[in-house]
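Paired with chain B in one complex and with chain C in the other, chain A is shared by the two complexes that follow.
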Partner chain A sequence: MSITESAKVAIPEPRKISTVPRFSDRVFRVVVFCGGLSALIILAAIAIFLGIRGFSILSQTGLRFVTQYEWYSAINTDGTAGEEGSTFGIGAMLIGTIITALIAVVIGVPIAVASALFLNFYAPNSLRGFLVAVIDLMAAFPSILFGLWAFNILMPSGEYWAKILHKYLGFVPFFDVSAPVFTRSPFIAGIVLAIMIIPIVTSVSREVFSQTPLDRIQAAYALGATKWTMIKAVVLPFGSSGIVGGAMLGLGRAMGETVAVFTVLNIVFQANFQVLLGAGGNVASLIILKFGEASIEEINALMAAGLILFLLTLLINMAADLIVNRSSRKGR
Partner chain B sequence: MSTMLVPKPIKPWQRKPKEMLPEVGGVFFVVIGTWAAIEFTGLSGKLGAFISASLLSLLASTFISNQSRGKSAAKNSFFGTLVAVFSILAILPVISIFGTVLIKGTKGIYIGFFTNDMSLSSVNDPLNSGGIFHAIVGTLLLISFAMLISVPLGILTALYLTEIKGPGSRLIRFLVQAMSGVPSIVAGLFIYSAFISGTGRGFSGFMGSLALSILMLPTVARTAEEVLLLIPSDLREAGLALGGTQWRTVAMVVVPAAKSGLITAVILGVARIAGETAPLLFTTGGGDTLNLNPFNNVMGSVPFAIWKALISGSAESNARAWASILVLLVMVMVLFFVARKLGKRKI
Partner chain C sequence: MSDQVKPTSLASIAGNRVSRTPGSAPLGTGLETRNLHAWFGKNHVLADISLDFASGTVTALIGPSGCGKSTFIRTLNRMHEFIPTAAMAGEVLLDGKDIYAAGVDVTKIRLKVGMVFQKPNPFPSMTIGENVLSGLRLAQLKQSNKEELLEECLKRAGLWNEVKDRLNAHGGSLSGGQQQRLCIARSLAVKPDVLLMDEPCSALDPGSTLRIEETIRELSKTMTIIIVTHNMQQAARISDYTAFFLADGHPGEMVEVGPTSEIFARPKDQRTENYVTGRFG
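Now for the complex of A and B:
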């Protein structure tokens, strides 16, 4: 009797097992996916909006926009037309951008790679922590601080070293000057940019150097290598693509730097290959120089210049990332 | 009673004073040589002294190693010294920047500097009038609104890369990396072209925040991704094994476990944007009075105040610029060291 009664108690149905995510999980995934797309959307939006605004100028001038040296707006700020047609060309600024960024890489990368080697292989532990903190802190310094410091403190010594370079290496066309003006030159701007890219190049090369397989290092020592021969035979070949990638990241940063260059450099609309002469330019500083009193047409031209700067730095950064990532996957 | 003979401890590896002689001589050589270089040649100043001292110590260390241990040891110590000299060269600017900012910045600081704004005084007024109260408040507002936008987006991006690992996560990681190299001026120009120019809207603080959040997003996303990767997968599996859905596991287990690291990510992002000047020039307009409404009217900020003082060019405005940069530097340093402190904590 009692047995039959207890059998009547309803057995709960077994829980359904399925691999379909619950509703909450589906919402979660959609939300996270949308957030993850933000980088793509922002990058695309930057290219599209700058492209729309710059399109009229770019289609008018075509390739001359990047080859011409003149920048002249025919429409004054009060809306009246000037006497000539306006010409917009960022050729000189583009050359200036590349020159200053290259100077920065030439000065900054050897220093940064050497300090990465010092931090990873030479420095005692107590010193290492301190130096890493200082270099990381340097990366967080605002660029206006570098600009102000460079204008007031670095300029005199930069000028002094520029004069020495000119005196002893003046026969090299790059170090010649047509007028004895050594302040506010691309050389000094390049030094500032070099200082600004040292932290990022150091941290990228440090990361790659630290992935050097320990067995190879020890094998080199076992074969009787000194520290330097070990570095030359093992660490540098292993980390070479990290150095190249870090240098390219630094190049990208140096090309996009605005305020520090604008503070230091004397902006002149000429292609100036004499790096010690106080005249030069940079696309970013052109934009800041002209933005304040620009007419609508000129603003469109500035947008086009910004678009070119954006695409240039994006391309360099992507190439750098590819190189660095390839290197980090290479080792065992 | 016999006395126990205690042998005097010897350290055979320790070098005798006689063997130390070359090094002491080398140090003497460098010191005297540097003095001579400054005194008798064209080199001058602290940088000249540093450069001659480094060249001489390179020479001395190479020579000593060559004499005592031969050619390959000489090469080794040459490059060892070179690497050390270069890394001193790398941190030399930081020391110089600190010294300069402290010396020049403290001159312009008085109590009113933090409580007054520049509405009644021009940048060329004497230093005891005006201040950067409006700019400090403005910077704080700009940073908070930029955080409101970029912290959720950055952490969601990091979660997508680490928790869902969905399709295209490699592409997104690549794009975030590339985005961190976008020049700050381009971010400002983009906001100007998209939201200000031609729409009838004027400059406002919120526009500045939008531009800053573009720069902050990649820093937050990358740091947060690194932190989330450090969370052991045991924790995730335990959460799922207890019957939690993925959403519950992430929200109740993973994110709380990574809390201090995520805070570090946010702080590093804030440190990245606190001193940005270029994007603000195109978006905020840089007012001189206190403005608490970020959606209307121009808003001042510390970098913009420095910029204004810098381009006006008088002695007073220069002093004001240095004082403001001291404030900015202290802000950035506090953020940086808090982030480091939190980042070191074990998860």
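Now for the complex of A and C:
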């Protein structure tokens, strides 16, 4: 066949490739499909519920709901909304939430990364298994117990550290205090949260570190690397995305944590950037603080606050995904 | 090309090399192993290997897969001990000193005895230049004229002309053969006396293989090279000495060692002859 002849042959459309799954496979497919969708459905249901309940408040107050610091519920004796009119603003609570969560990440992530490195590269086998079990247990520990322990044991010593920080770093605006009140501060709440996020950050980092390609580790050792220089040159660049991802998961967890923070934090409806001062805010704690004796109107406002917290967490997780995807291309 | 290796052709390739006489270097220099054994758990993989590698020679280690060549080469710079159950007995002497002696800093041993692996493994987070100089950082060595060292290492590895204009590109942007030469340059930067090469060409195409062989030939003027290879033409082309390893249901042992031309032309052991003539393995 000549070239000209073959050129005349029409190029066919690509065929559709398909297969008929067996009955059992189809059943299984439906089952896992439902499982996979359940997370989405539950999350959507919660968001819709919060949205509907919070809508009236949000449409009344608009943007002031997140910028205003006051939270005042006017209630008549019969439990209906009062005539004076209520003010609902979670600005102070949002600021407080972000500050305590950031403190938790700043304290917790380095400890978690160090412990992940220790477990993967330094711990003897026998100790490793035991420590991993302990850290997993820590993740499953009821948060009220963290709260109680922190209130009774951690707070007194936390105050002591806070005073030292204030004494030597008081010139930094964050470490200044306008009044010498060091109990129930965002700093102490941040320490409690740091302890609570260590397990998740440790296990995420550990997972990533353990996937470091062996040939790169060996290449480093063959060049006369010490364990630490090897970790710096090979493991940390490879695992950076995992550390960021773990930190973001920790941040999300720290922002949503309720009971432990409520136990140790003094909720004050003012924007406070002095982390050592015993006055802070926290959206989740606000909800638990007000929920018990709230009017219907206030409950709706709390739902709106919940919705905002939900959106904030969503935003952070999306940012985490973005960072992980971007940084994972480098160093791999 | 058929897999069948013709003994005559191999011997003639080997004969083209100016062979150095065994034992020309005094004892106590270069690298020596004495009654070396190795285990993985209870599995005895190497038995009683005593071999000398005189300074400035190229020695090829040949033998069928699983005969312990790679394990042997990894005992020479103490990479063996990274496998959790690994154990060894006997001695490895570098310039007369036992590298397994108590109190030896293993990182210093690995600076003197460098290693190039089967699969090219540049550090992907580093540029080409950073890769070459990475050993300085990893071993915490001081170096004043880094530019010079960089150029020298890349030239010795035969890569300079190809990368001199893109030293800031990432190592992963190079071809497989170039990456392997980059890895060679990287091991040269810490100035080792001995270079171990564990099948450095097995993942490369014939053209790249030839380039690496040229590099090895250049390097052999200034350092001791020990290379594991499955390619017998390669062994014949580049090595002064060849050692034949075999594990025939027992722990791996060294059957025969000698000048490469002898091993290929007049092996003393029947098993060596069977192997180099392609009758098994």
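Methods note: the second predicted complex is superposed on the first by the 275 of 332 C-alpha atoms of A that agree within 3 Å, B and C clash if a C-alpha of one lies under 4 Å from a C-alpha of the other, contacts with A are read in each partner's own complex, and residues count from 1 in each chain.
By our rule, a residue touches a chain if its C-beta (ideal position, glycine included) is under 8 Å from a C-beta of that chain, and two chains touch if they have at least 3 such contacts.
Because the structure is predicted, anything quoted here is derived from the model rather than measured.
Chemist: For A:T263 in the superposed arrangement: first (chain B), second (chain C), both or neither?
Modeler: In the superposition, A:T263 contacts chain B only.
Chemist: After superposition on the shared chain, which partner residues are touched by A:L40: those of chain B (first), chain C (second), both, or neither?
Modeler: So A:L40 only meets chain B here.
Chemist: Touching A:S143, do we find chain B (first), chain C (second), both, or neither?
Modeler: Touch partner of A:S143: chain B, not chain C.
Chemist: For A:V234, is the partner it touches chain B (first), chain C (second), both, or none of the two (neither)?
Modeler: Once the two structures are laid over each other on A, A:V234 reaches chain C alone.
Chemist: Now for A:Y221: first (chain B), second (chain C), both, or neither, which partner does it touch?
Modeler: In the superposition, A:Y221 contacts chain C only.
Chemist: Who does A:M318 touch here: chain B (first), chain C (second), both, or neither?
Modeler: The first partner, chain B, only.
Chemist: For A:E293 in the superposed arrangement: first (chain B), second (chain C), both or neither?
Modeler: The answer is neither, since A:E293 touches no partner chain.
Chemist: Identify the overlap between the chain B-contacting and the chain C-contacting residues of chain A.
Modeler: 226, 229
Chemist: Per the contact definition, I'd like the list of chain B residues that touch chain A in the complex.
Modeler: Touching chain A: residues 42, 44-45, 47, 72-73, 75-76, 78-80, 82-84, 86-87, 89-91, 93-94, 96-97, 100-101, 104, 152-153, 155-157, 159-161, 163-164, 166, 169, 171-172, 174-187, 189-190, 193-194, 197, 214, 217-218, 221, 245-248, 250, 268, 271-272, 274-278, 281-282, 303, 306-307, 310, 321-322, 325, 328-329, 332-333, 335-336, 340 of chain B.
Chemist: What residues of chain A sit close enough to touch chain C in their complex?
Modeler: Residues of chain A touching chain C: 125, 213, 215-216, 218-226, 229-230, 233-234, 237-238, 330-332.
Chemist: What part of chain A is in contact with chain B in the complex they form?
Modeler: Within the complex, chain A contacts chain B at residues 21-22, 24-25, 27-29, 31-40, 42-43, 45-46, 49-50, 52-53, 110-112, 114-115, 117-119, 122-123, 131, 133-138, 140-149, 152-154, 157, 160, 164, 195, 198, 202, 226-229, 231, 249, 252-253, 255-259, 263, 284, 287-288, 291, 299, 302-303, 306, 309-310, 313-314, 316-318, 320-321.
Chemist: Per the contact definition, I'd like the list of chain C residues that touch chain A in the complex.
Modeler: Per the touch definition, chain C meets chain A at residues 77, 79, 82, 84, 107-108, 110-111, 114-115, 117, 119, 121-126, 134-135, 137-141, 183, 186-187, 190.
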